[in-house]
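Each of the two complexes below includes subunit A, the first together with subunit B, the second together with subunit C.
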Partner chain A sequence: MAHFDPNAKPFTKKWLNERLAIETIERVMSTEYWIPKNINFLWAMGMVLAATFGLLLISGIFLLMYYIPTTKEAFNSVNYLIMSQVGYGWLWRHIHAVAASVVFLIIYIHMFTGIYYGSYKKGREMIWISGMLLFLTFSGEAFAGYVLPWGQMSYWAGMVITNLFEGFSKDFLGGALNFPGLVEWIRGDYVPGQAFIGRFFMLHVVLMPLAIIGLIVLHFGALRIPHVNNQDGEEIDFEAEAEKWKAGKRKESKVIPFKPVFLSKDVFVLSIYFIFFFYLVFYHFEFAMDPVNFDPADPLKTPPHIYPEWYFLWSYEVLRAFPKNPGLVAFGFVQAILLVLPFLDRSPNVAPASKRGPFKIWFWLLLVDMVILTILGKLPPEGIFTILGKIAAYTLIALWIALPFITKAEKPIGGR
Partner chain B sequence: MKELKILAVVVFFTLVTYWGVEPYAHSVMHKHVEGHDFKYPDINASKVKGNAQNGKNLIASCAGCHSIKSQGIKAPMDVMNASATYGVNPPDLSNAGAIFDEKFLIAFLQNPAHTAKAKPNFAMPPSAGSEQDAADIVAYLKSIAPKEITPKEAYVTACGRCHANSYGKWTQIGDVPKTKFNIKTKNDVKLAEFKINVAKYQDKLADYMGKLPPDLKVIVRARSKHFLETFVEDPQSHLPGTAMPRVGVTKEGFEKIYEYLESTGDPSKAKREKVGPIVLGFLVIFAILAFLWYKSQWKGLKD
Partner chain C sequence: MSDRRDFMGMALGAFAGLGALGALYAAKRTWDPLPSVKAGGFTTIDLSGAKENELNTEVWRGKPIFVMKVGKNNPAYNDKRLIKVGNDRFFIAIGLCTHLGCIPTYFPEKNKFICPCHGGQFDAAGKVLKAPPPKPLTIPPFKLEGTKMVLGEEGKEYKEMKAQKLV
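== the complex of A and B ==
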């Protein structure tokens, strides 16, 4: 039985400690949560993502108060009610739209940082996997949200993406893998309509956010035991280094406490990020709000160009580069393969790509190829763009197939 | 410094991606149409000089269809009958001299369908016997035009009989009336009647134009200003075969119309420009303080 001091005044530190262990929590979660000292600003991307998610949540709550999820009212509730009748509604909407786009930029930076420094290896596999699950749930969340303003792109992107669930074409295996009924089941109608908007509204404001919050907790939890990686992939004895810090050897210790030392750098990076972010919100928001979506949804008029938001373009281009059936396989492959990256990298080295020989070339090829796929994903599939798209898609698949062989052949660094 | 080098790499790849998916992709997707600054180079300037007094005597031929409310000339038909007869309500001419181009109007009066690049079923017939008559009528319209018109007046005269603007509470037959519902039944018969008239008008308009012209409530966010400018100047340049006529507004007339469209489609622009500097100013101060905190915490941590 725990001991409670009968003389402790309510809500004093002692009283709270006995009931909630607040000092222990603070110590474990921040003042004695050890972070390597040898890091750069890319290590602040997690905090930047958390802050951006916070902005999405807060702005989303304000938008939710006025948004009307019906085919008749959705467009006007966003473009008229929120934009001109609700005080600062325009600000919440622009924050929400810009954050939804920028959050993916930061996710990609965060992902490529992890790949570059090998931060998914040797005990850090669950960090990577939970992070990739977050990427998938964020993708679902973004897609569901994109449907809600019920503009032309909402409608037609909703049409195209739900069509993917039809599976393989009818002539393949006698149509055994063709599920037109599944598409109707998902839409609740033959075409996107009221049931569709209601379902995606629910997904966007309840189910996906719950899943995301749960996964964020898992993602943070996954960091606790293996600790954060560092710029050189050095294996640090965190307990020994923490003792050095506590003994006042701040210079010799290889670690710093989360609060206040790591936090001070995080906050500085955040402040620079916020300047960039709010510059976009006030002066350059068009990139996050496609003009086509300011035409109300019209089932009788297909827009000449249908494309997803920029963060889906690379996988969309892989889908487009092949005929229907192989396209679906390739699309599924490039998505799912990311989840198992920790097991494809066969090298024992945890080190920045620059020190890993052929892996260095692999990393930069992957990055450049994904940028090329992203750009081609938006361009109309004509002439040279089709050919380049095919080459880039094949390259991406080849890179992933080559990864185990490249890393297997990699020389161990420093005899480890 | 190493961190700045890393930042440069991140910024480089971000900018390349941005350039590819935004400016470059859009330049490939949308053909570029060169504007002519509402100069209408395909129409020759009229050599005759118009006489407003003669124009006034000729105006009766216009008043057969058009109202000129500022001069006390009423329309021969109400809006519903006009739409049933012509497919579209002929515009009031009080402001015509203020927003339409002079040489365009002179050519238009002589050969409306051709000048407007409209369909052969264009409602307005050739209405001036000679270039001199046309010039006289235009001179008269110019003489009665107000010096300054509001953005909404420009929109109503040039666009508003085909294009509703529901965020501006404008329908093709006029402003949505302020009505009161019956407190016992919650019915608003006056509004319902108005809506029936709008529906009837729109059906006639759709028959005349081939489709219902779009509500322009938020068109400024859906199309760039350059697109709207060049489209209004010559609809065929973007959409060959479109039923939309070239309306012949002047540069100033277009700016007025655009101002109105911006007020309904992007009403937060002024507030955005006011709040932006305050937020960014705050964040710059925040960043300076954050930098000082960071420096104080990391002092003496590294060799």
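== the complex of A and C ==
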């Protein structure tokens, strides 16, 4: 039976504790949530992402007030109404566009940090998997958002991406994986039109943000039990180290509390990040706004050279390196394989890649290959670029196939 | 006791399951194309004024339709995919690349289409000259009425082509 002190003054700490357990929540969530000391600025990327998502949410709310989701009005509501009529409308649009691009840069840094330090192993598998699900929902969210201004790139991105759902061509497996009706069902029309803009508007502003918020909660929750990894992949006894900290042996302890110690470091990195971010918003927003998308959608004219936003270029390059059917297989493979990384890495070592022998080479090859694919994805599909694209795409697939063998052969570090 | 609770649980599960299936079906139907979209699916085009080897683009179901009278000097002139209208041969196809749906551009001097997105190429009968497109440009269902053509309806000539697996 709960005890309520009849003399406690309303809204005092005691009164709130009896009703909402605010101090217990603060202790469990922050002042006694332990973070290793042995980390670097790359461990702040999670908080940078959370803050960027917050910016997307806030700027999105303001854009939502004036955006009109119809084929006739969408383009003007963005390019005329919001940009030149709404007071500071340009600010929300530039924040939204820059954040949508930069959030993927930070996601990639966050992912490669995880791969480099082996932060997906030994109890941290669910952190990786929930993170990859976040990557996929963010990709969907970015695509849906890209369609909404209804420019030429919006329209043709909508056309090309929804066509992927047609599946394999009819001559493959007797057409068992050919779904011509599915494309029209997704669009609600034979081509992207009013039905399309309406449903992608709904997805972008309601359904997918809800899914993203849910997944962020899961991602944070997945961290709670295994705790974050550290620069050496050392297995820390968090209970014992926390006791040391609480007993006043702060120098000896290998951990620090999330609040206020780790948070102060996080806020420092965030501050640096925001200087860079708002520099882009105010002085270099154009990198996030493709000039072709300032032409209104025209269903009868494909722009001479179309390409996705930079963060999709590597998978786009894999798709176009092959004919249709193998292209779809390769495309699906390089997306799905990321989800199961924790089970492909067969080595027991949780350590930075620099200490893991062949895995070190694998890591840097993966990073360089993805950068090469990204560059080639932006170039027109001609001559030498086509050949280089094929080589890079095959390399990416080969790297993933090689991973279990490389890590299986890896020597255990330090007799662990 | 436990039997009775199990029964209640199963009954609840069954009804909730039925409700969920119903809701899923309703959700699926809500995403279907509207009747007005489906009803607007027919277009008539007049072929009598066409000039040789000059590409015209019509619109059917929001998609571009390539219409071209193919001349004897064009290497694709004897292709069975061309449609005979009187003494003329016409190339008619949905103008969207069969790879991912971009509109290929026609280069009359090369007698071929080149897709700007992924570099696919087609000849003047819509046959693939260069991957990634997996199949020729799609011939839409059509019906001939003299020199007029109704798109969206399957006429005699279309059915014959279909029987020969040309469409």
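Criterion: the second predicted complex is superposed on the first by the 416 of 416 C-alpha atoms of A that agree within 3 Å, B and C clash if a C-alpha of one lies under 4 Å from a C-alpha of the other, contacts with A are read in each partner's own complex, and residues count from 1 in each chain.
Note that in this section a residue touches a chain if its C-beta (ideal position, glycine included) is under 8 Å from a C-beta of that chain, and two chains touch if they have at least 3 such contacts.
Just so you know, these numbers come straight off a predicted model, no measurement behind them.
Partners subunit B and subunit C fit side by side in the overlay (superposition on subunit A). In the superposition on chain A, no contact is made by A:Ala288 with either subunit B or subunit C. Of the two partner chains, subunit B is the only one touched by A:Phe274; subunit C is not.
The superposition of the two structures on chain A yields an angle of 60 degrees at the Cα centre of subunit A, opening toward subunit B and subunit C, reported in steps of 10.
In the superposition on chain A, A:Val160 contacts subunit C only, with no contact to subunit B. Considering which of subunit B and subunit C touches more of subunit A, the answer is B.
Of the two partner chains placed by superposition, only subunit B is touched by A:Trp310; subunit C is not. Shared-chain residue A:Asn325: touches subunit C; no touch with subunit B.
Once the two complexes are overlaid on the shared chain, A:Gly188 sits against subunit C while remaining clear of subunit B. By the document's definition of touching, neither partner reaches A:Val48: not subunit B, not subunit C.
Once both complexes are placed on a shared chain A, the shortest Cα to Cα gap between subunit B and subunit C comes to 11 Å. The interface of subunit A with subunit B overlaps its interface with subunit C at residues 304-305, 380.
Taken in their complex, subunit A has these residues touching subunit C: 156, 159-160, 163-164, 169-171, 184-191, 193, 195, 199, 299-306, 320, 322-325, 327, 380-382, 386. Of all residues in subunit B, only 2-3, 6-7, 10, 13-14, 16-18, 20-22, 24-25, 28-29, 166-167, 214-215, 217-219, 221-224, 265, 267-268, 271-273, 275-276, 279-280, 283-284, 286-287, 290-291, 293-294, 296-298, 300-303 touch subunit A in the complex they form. Residue ranges on subunit A touching subunit B, taken from their complex, read 37, 40-42, 76, 79-80, 83-84, 90-91, 94, 105, 109, 250-251, 256, 260-261, 264-265, 267-268, 270-272, 274-275, 278-279, 282-283, 287, 289, 291-292, 294-296, 304-305, 310, 313, 367, 371, 374-375, 377-380. Subunit C meets subunit A in the complex at residues 28, 31-34, 37, 41, 57, 59, 61-64, 96, 98-103, 105, 116-119, 131-135.
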